[in-house]
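Structures incoming, each one as structure tokens.
Shared between the two complexes below is chain A, which pairs with chain B and chain C, respectively.
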Partner chain A sequence: MSVPDAKERWSGKITTVTIGATPAEGGTRGSTVTLGGEAGIPFLSFDGETPNPPAIALDVLDVEPADWPGPLAQVYSDVWSDPAAWAKRVKELGADLVNLRLVSIHPDEGDRSPEQAAETVKAVLEACDLPLIIWGCDVPEKDQRVMPKVAEVAQGENCLLGAVTEDEYRTLTAAAQAYGHKLIALSPCDINKAKQVNILVTDMGYPLEDIIIYPSTASLGYGMEYIYSILERGRLAALSGDKLMAQPVLLDVGLEAWRAKEARTGDEAAEVWGPAAHRGPLWEAVTATDLLQGGCDLLIMRHPRAMEAVRKAVSQLIEA
Partner chain B sequence: MSEFRIRFLPDERETVVEDGTSLLEAARLANVYVGAICGGEGSCGKCRVIVRQGDVEGESTEYLTRDEIRRGYVLACQVFPRSDLVVEVPPESRLVGYEGIDRESERFRDFAHRGAEAPPAQLDPVIEKFYLVLPEPTLDDPTADQERLLEAVAKRRGGPLQMGLKVTRQLPRVLRRLQVRRSSWNWTWDGRVTAVVAPRSDVNELLDVEPGDTSDRNYGLALDIGTTTVVAHLVDLTTGTTREAAAKYNSQIRYGADVISRINAARRPGGAAAMHQAVVQDVETLIDDLVKRAQVGRKNIYCAVASGNTAMLHFLLGLEVDLIRLSPFVPAAVNPPPVRAAEVGLRIQPRGILYVMPMVGSFVGGDITAGILASGLHRGEELALLFDIGTNGEVVLGNRDFLVACSASAGPAFEGGSVSCGMRAASGAIDSVRIFHRNLAVSATTIDGAPPVGLCGTGLIDALSEMLMAGIVDRSGRFQVHRAPERFRTSPEDGRPEFILVPAHQSATGRDLVITQADVENLIRTKGSIYAAADSLVRAVGLSFQDIRKVYIAGAFGNRLNVTSCVSIGLLPELPGERIHFIGNSSVGGAKLAILSRRMLEEVHQIRERISYIELMVDPAYMEKFTSACFLPHTDAGRFPSVVRRLEQRAGHVVE
Partner chain C sequence: MIIFSERINGMYRDVRRAINEKQKAVVQQLVKEQVDGGADVIDINLGPTKGDPVENFVWLAETVHEVTDKPLSLDSAKPDVLTEATARVKQVLPETKLIINSSTAVPEVMAKLISAAAENGAGIIGLTMDQEGVPGNVEKRVECGATFLMTAMEGGLSPDDIYLDPIILPVNVAPKQPWNVMEAIRQLAVVNDPPPKFIIGLSNISQKCLMNRLINRTYLVMCIAAGLNAAIMDAADKELVEAAITAEVLLEKHLYSDDYIKAWRMQKGLA
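Take a look at the complex of A and B:
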């Protein structure tokens, strides 16, 4: 008796998006990162190819983080007062991309000007030649002033800018369009909303192929399963031919995992929970590897050991 | 306790109220109508009046601008007299055409349209009049009067027949003439009578016996007790024609625009009786008007067939309504038997019968069974959808093999209730809108061509469709202020942008007529819920909209809806135009069919038994369909190819 062929035949495919530009492409990056291109369910190599394994970006803040717990401080505290130095550290640690958060432009967190933010971006671009992701501060009025400026100074570098939402998409989309950057489209754990943001952005003439979907993120123990099911359904829809869900997906795992008290609590809980030095990175690694099964192309992370653990898991799954 | 004299302008009506009576209450006492959507809770901001003389106390600043407060504007439900007052009710707060019957108003043109519905092929009216010539009793044939009559009627109308004591008491004097001379009297046989027969469930009742031949004087009323409008048609049962039609606003509106606030009002002391009286009084007002115009006696109206949603029919019958809005949503009755109209308070023929269109449940009422009957959806071979778009939205799917219905919690977004510049479709309501893409110039038409007072449902749908096509809103309904900053103003209430449709100097109210971001959001939610309801029904039976051969649109604004606009905003599915049929007020249409044909009256009961109700709130896929439909026209653009094509063409013209 022969074994029946269980291979799915998918009509759709995830689009590929490249972040960063080398000198040959008009930028100054030492490398570029290509996301997406999957033609099947994650890690089922017999189902469809996975030409680009998930990429990992490590976080860089433009100010010294106020509340990063010990395990992260150990890795970054000597560089975190200088985003350029921090970006270099991230490259040394082996990240594929630098994820720069312009925290200090927030009216309550320093209220730095668009020009100051632009200086920071320039410094990071000069210090480190990894492709760059740049986020505003989540205050629309401020981001609308800062992000066009930032997009302008990063012209040619083909950065990934975040994030457009259903409510606020016009300015950032226009900036990305004008200066040749890719866009992160954020929606709150809802497939229809994700599609709606994509439609709004493409209605402005922005290409659908240059969008990365960010369906929001939740960590282990804090509603991860909701995100998981959205990822899974989105991926199945994309593979079934839904063009509006066929964009690569980004997850902000580091931010969410390190908000969990299980990751943050220090060694005062070691007796019950185990040593903080392992617990935090593990929390981040487990969140990331779990969510990868749902279909994700770009992870934003914080701890290098978590990153390594995820890479190891990915390589084992792909070889298997 | 002090009393204050309050005079209302422009009606020049006065009333005296006790201390502590709100201005809104005072207006009610004076029989002056002031729009109060929320029923006087201070949450709608619609009951704006101007205090011309005297002092009031109370806070009403939330919904008024500083300038308006300076000019004496107050919210009538929130302020109390402190002295004698002169109060002006401005046009936007007056319910044009509310009182009495405004036949000129376009709002009622559909209803007043006589004989719009073709009479059923077989005219077989519920009330039958038999002219009989009974033979004079003799010693050889001493049959009693009652038996004599019943035997004669039985030859014309078989089956069990009953006859009440009151009619039997009159009978001998109807059959004979009594001549009295001084101390003697004499009975002379006549024997020419007209018997009036009406079905009461399984038996026929001999309602009355009239002397002579009155068989050509046989009238009935078809009633639609709508949440917003009460409609009455006077139908000639011998010819099947509609003699006169009249409509008026449901007076319950003063207790709130939607069904739920009415039910809440009924829970207050005396509330239930007041709500019942309001509806009965509305019907009585309409009957007065009908009989006067048609020159017909009330005594020749032998029946009324009432249609309407479940809550309204409960109000009419004086049944408990509260349970309708409480889980598990069990109404007092869904199939009330025929009753004497007099018992309900309708002064037609004293023994006349009131029939009520059977209801399916708390959220699918007699207006829907009537609508199905009128559309003929239940008899057709082809698959059809019926949308009833009124204060509530209901959708029915089916054909002669099956019927499923559901109710979309649509809300009154189409009837002016929750819309900031909304009004009922009365004189001065903007009912169509066109926006030119190049300069965003707005061209609008109003009902009766009167200066614009506000927007009615059709106008609002048109406006949203046009704003979408002109790029004034994006596909999620957000205003694109950068397209024309000068055409927007900032809302004094929530600080969000408002699109100025008609500037203050061109409006009848002296205020800008605007569409707010909240208006757009409400409308999108409403249309999304109706579309998603239809979507759910269609999917529930494993089909898609493309399988639907006929779409019937029923509802108050039936015939004036612009199909293109409805499709553009995604209220209706995109289907070939020839599949869409407007059937107007099918609630009264169905009632009329039932009054003209006993077969139809039976059929509507069969319809009731056949309908399966689908509760969307327990359908896990509904929420998904709803969010998907809360986009313009829909998140799944493939469902609206021509709308998307038009949007793309438009994008070519619009300079960002």
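Take a look at the complex of A and C:
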């Protein structure tokens, strides 16, 4: 008796989105990153191909971080007062993209002006030729003033801008559309809203093919399984043919993993938890590799050793 | 939900006249409305029109195809007309998917139409009835449905191309039939893996009923819950289509979002 073929036949496929533009494409990036394109469940090569392994962006803040623990300080403290130098470091460490957070435009974190933010973006673009992700500060009134300016100075670079939500999407969508950037669509742990944001943004005439889904993120030990099940349901809907869920997915793993006390606590806990130098990167790497199984295309991370561990796991999964 | 447009049917006076007088514009306007409403397949039925039926089918198919490349379902109760029309339409529109509507479970009829479907890469609708006529109960529907399905698969058709139609009759003359049809769908869906598709000619349930649109809408939702996945219906009836989408959202066939109707239309490229 022959063994029945248990392969799934999916009618849908994740869209592909390219971030960055080389001189030939009207930008100044040294490379571009293409996300998505999966035709099956993550890492089941018999089910469908994974043409683009998950990409990794490393974090760069536009101000010196106030609360980054020792293992991160060790890697970045000599450059973190200068976002341009920090971006260079991120490239040296082997990141695929730079993830720039405009923390200092926040009214309580420096309240820097749109012009100052634009200068920072320009400086980062000049210092480092990786494709760029740019986030506002999550205060809609401020982001609405800053992000159009930022989008304008980065015109031609095909950046990824974050983030539009169900309530706040018009200004950033218009800016991305006007200056040729891709968009992050945020829906905090709510799959129905993930679809809704895509409908709203597309309804403004923004192409569905230029959107990245960001379902928010939770780390190991802090609700990761909720995000996992959202990833899984979203991916199954996409593969079953739901075009409004077929966009590549981004996860902000570094930020969430390094908020966990298990990652942050120093060597005072070493006797029970092991040395901080390993614990933090490990917490980040485990969060990332777990969530990747649910279906994710772009990881934002912090520690280079965590990034390397994730890359190693991915290459083994894709080869297998 | 696979929506077969019911509107291009010679039983409607405007369509009959358009076929008799070869007025393309009348037909094409109706087709556009049906496609815009969400029709996936255009059912074409000559009704009591004049002239050679095969030629009329070819004319009608070409007329429809000028405004949409959707699949066409050729609708006739005459097996010989269907066999010939399927081959002819395939010849003039080789890229268009065809569905033969319909065969019964009568052996000679099945043999003829299933091989016509297989030869032309067409789908086929099988009515759950045999020489004894429309069954008055569930059991006979299931028996005829199973016979048709088995014969069609033996004839080389994939389950994807096979539709079973448990035959709905007007509620005002056959009040037990609406439930029988739903139960037949349920039973046929359970015993066959992979299951075929299930289709009904929806408007038949409310023939000569005053509240026909409400009856159609309500019954369509009930049948979807029983496992129906296609219907010959008025795709331009917005409330009907929206009720069907809502039923499918409630069965988790589509992922919910606040604008799920719009999402469904976007998905079809209609928004």
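In this text, the second predicted complex is superposed on the first by the 319 of 320 C-alpha atoms of A that agree within 3 Å, B and C clash if a C-alpha of one lies under 4 Å from a C-alpha of the other, contacts with A are read in each partner's own complex, and residues count from 1 in each chain.
By our rule, a contact is a pair of C-beta atoms (placed from the backbone, for glycine too) under 8 Å apart; a residue touches a chain by one contact, two chains touch by 3 or more.
Remember, it's a predicted structure, so these values are computed and weren't measured experimentally.
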item: Superposed partners chain B and chain C on chain A - clash or fit; value: clash
item: Contacts of A:Met245 with chain B and chain C, given as first, second, both or neither; value: second
item: Touched partner set for A:Gln293, first chain B, second chain C, both or neither; value: neither
item: Touched partner set for A:Gln144, first chain B, second chain C, both or neither; value: neither
item: Which superposed partner A:Gln196 touches (first chain B, second chain C, both, neither); value: both
item: Partner chain(s) touched by A:Thr16 [first = chain B, second = chain C, both, neither]; value: neither
item: Partner chain in contact with A:Asp167 - chain B first, chain C second, else both or neither; value: first
item: Contacts of A:Ala237 with chain B and chain C, given as first, second, both or neither; value: second
item: First, second, both or neither for A:Met204, with chain B first and chain C second; value: first
item: Location of chain B clashes with chain C - one stretch out of 61-69, 115-123 or 637-645; value: 637-645
item: Residues of chain A at both interfaces, chain B in one complex, chain C in the other; value: 191-193, 195-196, 199-200, 203, 244
item: Chain C contact footprint on chain A (complex, rising order); value: 191-193, 195-196, 199-200, 202-203, 208, 233, 237, 241-245
item: Chain B - residues contacting chain A, complex; value: 474-476, 478, 480, 482, 624, 627-628, 630-631, 635-637, 647, 651, 656
item: Residues of chain A touching chain B in the complex; value: 166-167, 170, 190-193, 195-196, 199-200, 203-205, 244
item: Chain A-facing residues of chain C, complex; value: 254-259, 262-263, 266-267, 271
